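What follows is a set of structures for review.
There are two complexes below, and they share subunit A, which is joined by subunit B in the first and by subunit C in the second.
Up next is the complex of A and B:
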């Protein structure tokens, strides 16, 4: 059975409108009667639910390995500390090893190699996964517990949930949309790795361009198909120059979105611009731009399908 | 008898300079002091100097494994500080100037060094290229 196409919305720079675009693409698919799964993988600042005006439910903790030394069994041999790649165990002759959880990568090597079975596998809460649902949209949101560092593990938990669903019910969704954090680090890489199509979102500034180039480097390393969106394209009149620069670097775009007060309003109210709410002008510049982008996206996805069939 | 550990530059020794960095110093010099006199000096290379992460923990381990009960250092990061505290070591801070091991021990014996109980700089302090400065790059841990 055919699995749904996975589209990852990313962008390198923060605040370019990744979530705005992920949410509105989701909404436009929903408007066509498609069943959509949207995953918010920006686990350090999850907020997709706000833009969709949804309340998060089914809070489930994401657990992470935590070594506990059983003193009654420990022979103080130090083998665990000597082999810990991240130096998360401190051991001094004739004393028990002391775990430093903030450094622990969760590899469980200590637990596996302890000759006395003196390390117990315990768990700590690293973050949470939430669900929300509205019409034909299912939302999955990951949240990293503040002060924890291993955000990628929360992203992995989200993807595990996605892949389990795709295995068990491949036809449950018509399309899956993944929204990433800013940056080009491992959280983002995990979500790009799952994608059939990648949409990096940028803005016509020097910062936007620099971060777009960085994220494209990562996309190319992963050998994935991508087309950019230029958001706030009417910003201070840099659009033409910016589009020219992208063209010179052979960066294709799906379209651009001009500055539009209605987008700001939809953002502040938590009602997607492209929702059939009747609140926004369907002839507005932002609305029309989104429609055009959606058309281009569908054409791009069709091309992809054709190529898949040819293969 | 007290064994004092000092992070040192180069191979270490009584006349070498105290390293401002703890976890990533090049060597440790262990000075045995008894009745206000230096009895013995031993040096150990710091195998944690180039660790990817957790250098402070590993360095604390080297200090502990060589029998030290007190530490004299310059800057101390959070991992090293936690590591040393978990071993119940006393930590003394030298003033922000270049001192040899001998000079630092003299100040210690005169009671001129301040005892500290926690880190005085953030993680990876002093890892920047060139002079002493905030190290960039590795502060945010992502794996």
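Up next is the complex of A and C:
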């Protein structure tokens, strides 16, 4: 059975419009009667529900390993602390080891090697997963608990959920869209790794360019197919020059989105621009740009399907 | 004056951290009371160097860092017992089994270098070695102060450690002792690179814009800052943005009673300044944005040195 294509929207630089684009692509697929799963993998700052105007439901905790020392069994040998790569166990000779949970990577080595079986596997809350639903859109949102560091583990929990769904009900969705955090660290990497197609979003500035080049480096490292979107393309009249530069580097684009006040308005109201709400001008520059991008995306996905069939 | 280390963070990306940091860096370097060192801790996407280029391109110190550990497999030692897979040595799904050759395969990107496989394998067929995690770059800028920043090796998975390493690098500099102002451009988000950035700081500027996601994200950043009990002030960027959300935003600010350091109006001069890779306070010193930032800088100085932090 055919699994749905997975599109990851990313960007390197913050605030380029990743979530805006993920949400509007989702909306355009929905408009065509497609069943869409949107996953918000920016677990440090999930915002998709705000842009979709959706209330999050079904809060479930993401649990994480937490070592507990059973003093009655502990011989104070220090083996656990000596082998802890992240120094999450403090041990002084002849005393019990003390866990520093914020440093713990969850490798469970302490638990596995303790000769006295004196370390118990306990759990702590690392974050949460939420669900929301509207029309043909299912939304899955991950949230990292503030002051916790391991955002990648929340992303892993999201992907586990995705993969279980795809295993059990491969035809439940027509398309899956993943929205990532800015940057290029481990949680972004995980979401890029899942993708069939990657859309890095950039803006026509030196900063946008530099960060785009870095995220493309990572995409290439993962051997994935990508096409960029240039957001705020009309900013200060740099569009032509910027597009020229991308062309020279053989960076293909799906299209560009000019500055448009309606985009800001839709963003602040929590109604996607491309929703058939009747609130926004379907002849507007932003609206038309999204339509064009969507057409190009579908052609790109079609090409992909053809190549898969040939293989 | 006592040394103060401060960071600029936001939660949400792209709301003006780097623009503000660059302008504050410029103002600090012109201030006779202040001897600054500037840092960019957004190690995934460091951009401050574009606005604060080196005075002398031939005088840039670049040092590789090896804060990442990765496992490697020694085939000669393997007895093909498959215990590594069956007993799940690796919690990070970095070990899988090659059925044909009957050996484990290490997924390099997934490996966290925890050393569990090395310790647990009865044949000692795994090794843990440091690999390049990134670079620390440091130079004297055209604006005088030194810039120190880290840049991750893509796929190295240790942004937080590189941030800590960059901060240690700055503390080991000869000019650190004489400096009294460490200004850090922080990463977006609230995860490990942010936590590594804010650890040990004296003061935090949280910058936000009056949009639903801007507020949602800055609240989360403030939650982290409060857990660390670091004093902070808020800067509102694009403060006059035409948005139906403005009223709700104002209510949020009023109800929390947070210390607002200033409001920067939406000003195209900022975009022009960024396009010219210059701090707006230098590119358009008379612009509304620059005036607001100069006021913010004055207030910041008061917060840092007129009171006991």
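Please note the rule applied: the second predicted complex is superposed on the first by the 311 of 311 C-alpha atoms of A that agree within 3 Å, B and C clash if a C-alpha of one lies under 4 Å from a C-alpha of the other, contacts with A are read in each partner's own complex, and residues count from 1 in each chain.
By our rule, a contact is a pair of C-beta atoms (placed from the backbone, for glycine too) under 8 Å apart; a residue touches a chain by one contact, two chains touch by 3 or more.
A quick note: this is a predicted structure, and the numbers were derived from the prediction, not measured.
Enquirer: Does the superposition put A:207 against subunit B (first), subunit C (second), both, or neither?
Expert: second
Enquirer: Would you sort A:150 into first (subunit B), second (subunit C), both or neither based on which partner it touches?
Expert: Both: A:150 reaches subunit B and subunit C.
Enquirer: By residue count, which of the two partners contacts subunit A more extensively, subunit B or subunit C?
Expert: Per-residue touch count on subunit A favours C.
Enquirer: Which partner does A:221 contact after superposing on A: first (subunit B), second (subunit C), both, neither?
Expert: Second partner only, subunit C.
Enquirer: A:192 contacts which: subunit B (first), subunit C (second), both, neither?
Expert: Neither partner.
Enquirer: Answer with first, second, both or neither: which of subunit B and subunit C does A:103 touch in the superposed model?
Expert: In the superposition, A:103 touches subunit B alone.
Enquirer: Classify the contacts of A:81 with the two partner chains as first (subunit B alone), second (subunit C alone), both, or neither.
Expert: first
Enquirer: After superposition on the shared chain, which partner residues are touched by A:119: those of subunit B (first), subunit C (second), both, or neither?
Expert: Neither: A:119 stays clear of subunit B and subunit C.
Enquirer: Who does A:91 touch here: subunit B (first), subunit C (second), both, or neither?
Expert: Only subunit B is touched by A:91; subunit C is not.
Enquirer: Could you tell me which stretches of subunit A are touched by subunit B in one complex and by subunit C in the other?
Expert: Residues 85-86, 105, 149-151, 185-187, which sit in both footprints.
Enquirer: With touch defined as at the start, can you tell me which subunit B residues reach subunit A in the complex?
Expert: Per the touch definition, subunit B meets subunit A at residues 48, 51-55, 57-58, 60-61, 64-65, 79, 82-83, 86-87, 140-143.
Enquirer: Which residues, counting only subunit C, touch subunit A once they are in their complex?
Expert: 10-15, 18, 42, 44-45, 47, 50, 69, 89-92, 109, 112-116, 119-120, 128, 152, 154-155, 157, 159-160, 187-195, 211-213, 216-217, 220, 223-224, 227-228, 241-245, 268, 271-272, 274-275, 277
Enquirer: Give every residue of subunit A touching subunit B within the complex, in rising order.
Expert: Those in contact with subunit B are residues 81, 84-93, 95, 98, 100, 103, 105, 149-152, 185-187.
Enquirer: Along subunit A, where are the residues that touch subunit C in the complex?
Expert: It comes out as residues 12-16, 19, 42, 44-45, 47, 50-51, 65, 83, 85-86, 102, 105-109, 112-113, 144, 146-151, 181-187, 189, 193, 205-207, 210-211, 214, 217-218, 221-222, 235-236, 238, 261, 264-265, 267-270.
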